[in-house]
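Here come two complexes built around subunit A, the first alongside subunit B, the second alongside subunit C.
Now for the complex of A and B:
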């Protein structure tokens, strides 16, 4: 139960300066994974058009599951439908899901999607195109991206590349690799010319809420044990105290009776003795 | 037989029919929700995946906390003179939990797989813990209530056998309640990024547990007054006063912890400069804690039926508002998304389920020996005729 989970095997590097908002990645994902464009696994974030004419600018970036090192959704999922596999990919088992939507609230990046208009809705989220990975291909979004804004590879390579980019071009990029520390570290890294808040990226703590959650939920058996033991203890203690005081009261009452009886007996004896003496006399 | 049934129905108080209509309407809307899906019948969205149903569940579980608080006081702490309150309170708890289970079922996108929480455990999940505890604890409440339900049936012979295990069952029940009352607070730890810092805290499980003690006690006090109107039966006022005595202590600890946590986290300034969040939080503190603490500290209030009831309603208001804040009002909005407000069908289903609770309570109170140990409240007219000055508390004391 540490704050640091092992990093995943694969990673994305998304260079916001190269994104041209063509949305080919959205289409590719939708086709590859057979999901509708409304409740999709990938969507666009952006600044909108900013600045004064003629100095207008706009930055956009695709956004999908970050594949956290310690995913909040996996911690939250009631039935364990969300898991993180040995490659660090956050997988979703649509045969288990009960549709409680706790993962949607738990995810600090608001990634898990659900088409509520469906009668029997399920969660929709990126799985890094697991089938393509097995065949040695890149995820559909990365393979499609015309300007090459989405790169895919080994996680440590992507992270190193991201850092190299921002150190080599400090004029072009802000000095922040988004995804390196967000929510305890993820497998998706962004480099951007504008602050990530302006792109509409969620600003998260560097400690995964999954870790905070485990701090509490792992205490559950202890709390149950402590409650059961202390309640039993209180019950027995008060019971004994009550029984003891009842016993004492009983003994006290008995002694009083015995004493009274003895007193009476002594009195009778004395009277008898007196009587006999008087008779003798 | 048929005549008897018709006579029975005619004798029912009129509000029973109103409740029945609401239940039927709620049930129809509920079935439609299961058929048509969440999108057509609720205003839930990706930005607000949980709504008024979850707020209702949290509030109802907190109020049903009366059952475990009282069971602990009577059986574990040997306060046997409070025993008269056990049956009515356990029934309230059981019906409360039943309504929560129904609403949770409505809330599941895949209600056809509701049983999955039993076979696919995720021990890290607070929601998993809560669902298990609620299921187990509901069974224990059925057990605790079984003497009442079986008393006039041919199975009444097993009641002594059942009652032999009361103590271990009560201890298990209180332990389970400790767990799920606090785990409901834990729910919000993993989603801490979405909750306003005034409510977000690592102490949420502790807050939820303590406040459930307060709202549970308040429910018993208020319930005693309500059953006086509905069933002409109630607890003697000296018992209500005894329960009220606990409230300033419980609420005091709650208040100190809540403000202390803000102070330690350096968030105390948020109390005043968070706009409507400040108002909500202050309402919880002032109406739900400070006023009841002052009220129930006074012996006169504790021994006055009306004042106790008003104080109890303040406490329940504070705790219910807290649950609504944590699960709805204080959830941080997502830019560009309209805040959640419930669909009328969500509300209709809730009203139906809540009416079902009151209806079931009324009917069980009518046909089962629920109030055997409680005192009979004389009818108003007679009371005034005998002695206009005679207050309920005096009747209670006399009893």
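Now for the complex of A and C:
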């Protein structure tokens, strides 16, 4: 199966040196996208206050869907609720979603989240404010950012600008454009004065886990029903384990993702074995 | 007569749901819908964009409201407005949640229980206004108009509020200014002859922010300007006992000891004068009193200041030299302080003098542009006001000779209402203000309210002050009403309704007019309705209301005489920048900025710091569900080492005690504060149960604050309150 790793049309450039943690982006997103009071499409990552008084530093950055070139969530979604559109925007269709949460575990950036108090929790994630794009407006977060930390434009321009910034100001930025190669490349680029691990950004492989996921989700159309049943089992297990608050769920999800990444190969091998068995049958 | 289709009960049922759910269900009644359509603002589906102005703080950004089927669904910054430039801060973004808050008061309320029980019955406007008018008239006849106190906070309708109180004839007027920036304003008046010179960051190369936490106390355009200046390479020095978001961006953060901003700036003046680093040409041509300043600051060496501020003398020297080296491109922010003490007036004077020495006038500091009243705008005709003969209860000018009338000394006014000295007030008219939370020493404020025969409050919520009122008059929100036009420079902006008022809420322009008429003061309110008021304002400009409604602003013609005003003529007695002020000297105060020793905490007590966060404005926004969603939990910051000594862990509950009050609050154990300070975000700890979201969240700083007034500026010395912290 071929990869889908063509770069998208649009991109974000987020300059961590400019972010003031005011959260105008968070509020603007919640209003624009009618997000429930109990979940969010965008949140703040940060270093916290580092050091000992008075030698202190602190950096923050908003975080939302990276819009990967080859999104792990799309490949993990068994029902086509998550798709990557022709502009490279990762879209979510709640009519198709069955609440399996595979995308949550597949995403190396821990982006999709849901309100666990809901009986039928739906996924909450950024879609680049598609309605605004159609009206020629910037996404709500970028449009409102008071210090101009979030920029939005053509992906290639944003990437070029990111490189320009770190090249022109080696004293100000570490020499790493986060999002350029992470998970095989994305449409969201960060430049930062501190290493991204310190900001709490997930450290991912430079290749997308989507290929492995596709082996599972696209390679088993004949046994879709069986897969759905096994997924339901997993869903119920997860549901029992994870009836915590949304915040705790996020932390738990981080752990799960690390484990998932480690265990992905083994799991895939196991399912492939099952697949060949059923084909024989 | 009601014209709403969704009752408050319906809104309550929807609370906790999504924003969208709150937005749903409110249809535009035909009047506004038709007008908006006729003005070309909305299409036949009641969908479109309407330009108006934000009111989530006093910065007044221009915004564009997106209306879908008669509901406001999104607010964006107006790119044409100099304060927003297309952007809005989190508060601005959350504004529609204030309007659609299920806790809105949507009908006049008359108290039926005891004060503070929160028991009210709904009433018609006729009944409520008749009652208010008869009470106000009764107080006037029995005790004179001075027995009625009026108070309101900075807003666009304030001109009509002041019209009401002046027409009624009371001299007693409380604004929030003495709680905020009297020291800065009087300091600037005494130095520059203007309240607050404007700052221009476009050429700034070296910026000193004394507690001006621009990255959290966001003023959208100024925060953006600072960011751009630093991007260009401008250096920023930030003084604050706390490591704030601004400290995190600073080139140099100086964790100065509270109360000692003055010593720091006196030492800067000392170095710049001693080493002759000042702009001699500017000083000679445009200032008076340099010699007196030189003599005054001679003893204030960096070593002296280091001992007081607990900063390094070398840092102070470096800042002084670098600041002076930037010359006219240096800027010492003239609008703030790291802590508010009785010596804050001297700090404001020292900062003003510092700017004058480097000759930055016309480069980084400029005359303030435009007024609020609108020089090029008209006003409805009205007779002269009656003369208020009684002395003002706040001591202006008989006790505070240098405090401008329009600023006043609110905390002293409150104390006079309590003590009855020099005479007893009997009524209190409060509009868009929450003095129960904003004034220091909440217990005293509640006691003063107890002395009032009658209290009326105008607000969109049942805030903590309305909670104790006898009559609550529901105002329409800023997205539902017209306010008088606002002028910024040569540009006039409009606040106009983008949706019809919910319930029976009415605009301030409507409320004051209809109350005025009942008080026999109709001649002071010669306008038919809000639109007529604005039309009369627009009359001299030749622009129609429809035109400005559509565009959101209008540009006034430049003055005809064509001559640029001389920006180097100052409105002081000497016409120059006054480093030495004869006015101050004549009133028995220091003529130059001079050292005043601040009080210090003893016996293990802490300085109590307060300050702003980007998600809230003072006491007014804690009930906003969107801001509540993204705010930090309001906890008491305490330094790690201090917490260790008190055996406190993060999130422990503590009792905080000052000389006047006590609160319980959770601690945030952090390195980001000096060990001798604790900090709390003001505005929490609401006592009104009318705030479903905000009630019971955090604790109130006003319970703890002790009342101290600076004798020169009348400013409340907010940080002169010291507290003990004890685990419970």
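By our rule, the second predicted complex is superposed on the first by the 205 of 281 C-alpha atoms of A that agree within 3 Å, B and C clash if a C-alpha of one lies under 4 Å from a C-alpha of the other, contacts with A are read in each partner's own complex, and residues count from 1 in each chain.
Simple rule for what comes next: a residue touches a chain if its C-beta (ideal position, glycine included) is under 8 Å from a C-beta of that chain, and two chains touch if they have at least 3 such contacts.
Keep in mind the model is a prediction, meaning the values are calculated, not measured.
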Original post:
With the two structures laid over each other on chain A, which partner does A:164 touch: subunit B (first), subunit C (second), both, or neither?
Top reply: neither
Original post:
Should A:77 be classified as contacting the first partner (subunit B), the second (subunit C), both, or neither?
Top reply: first
Original post:
Just subunit B (first), just subunit C (second), both, or neither: which does A:28 touch?
Top reply: second
Original post:
Between subunit B (first) and subunit C (second), which, if any, makes contact with A:146: first, second, both or neither?
Top reply: second
Original post:
Of subunit B and subunit C, which one touches more of subunit A's residues?
Top reply: B
**OP:** Return first, second, both or neither, reflecting whether A:117 touches subunit B, subunit C, both chains, or no partner chain.
**Re:** first
Original post:
If you stack the two complexes on chain A, which partner ends up touching A:20: first (subunit B), second (subunit C), both, or neither?
Top reply: second
Original post:
What is the contact status of A:58 with respect to subunit B (first) and subunit C (second): first, second, both, or neither?
Top reply: second
Original post:
Looking at the overlay, does A:206 come into contact with subunit B only (first), subunit C only (second), both, or neither?
Top reply: neither
**OP:** Across the two complexes, find the residues of subunit A that touch subunit B and also touch subunit C.
**Re:** none
Original post:
subunit C touches which residues of subunit A in the complex?
Top reply: 17-18, 20-24, 26-28, 30-32, 34-37, 40, 49, 51-54, 56-59, 137, 140, 143-148
Original post:
Across the complex, what residues on subunit A touch subunit B?
Top reply: 72, 74-81, 96-102, 104-106, 108, 110, 113-122, 200, 202, 204-205, 209-210, 212-218, 220, 223-224, 227-228, 231-232, 234-235, 238-239, 242
Subject >> Residues of subunit C that touch subunit A when the two form their complex >> reply: 16-20, 73-77, 86-90, 92-94, 96-97, 215-216, 218, 220, 223-224, 227-228, 231, 243, 245-249, 253, 255, 614-615, 625-627, 629-630, 639-641, 670-675
Subject >> subunit A partner contacts - residues on subunit B that touch it in the complex >> reply: 35-40, 42, 44-47, 49-50, 72, 75-78, 107-114, 116-117, 120-129, 131, 167, 171-172, 174-176, 178-179, 182-183, 186-187, 189-194, 202, 205, 334-335
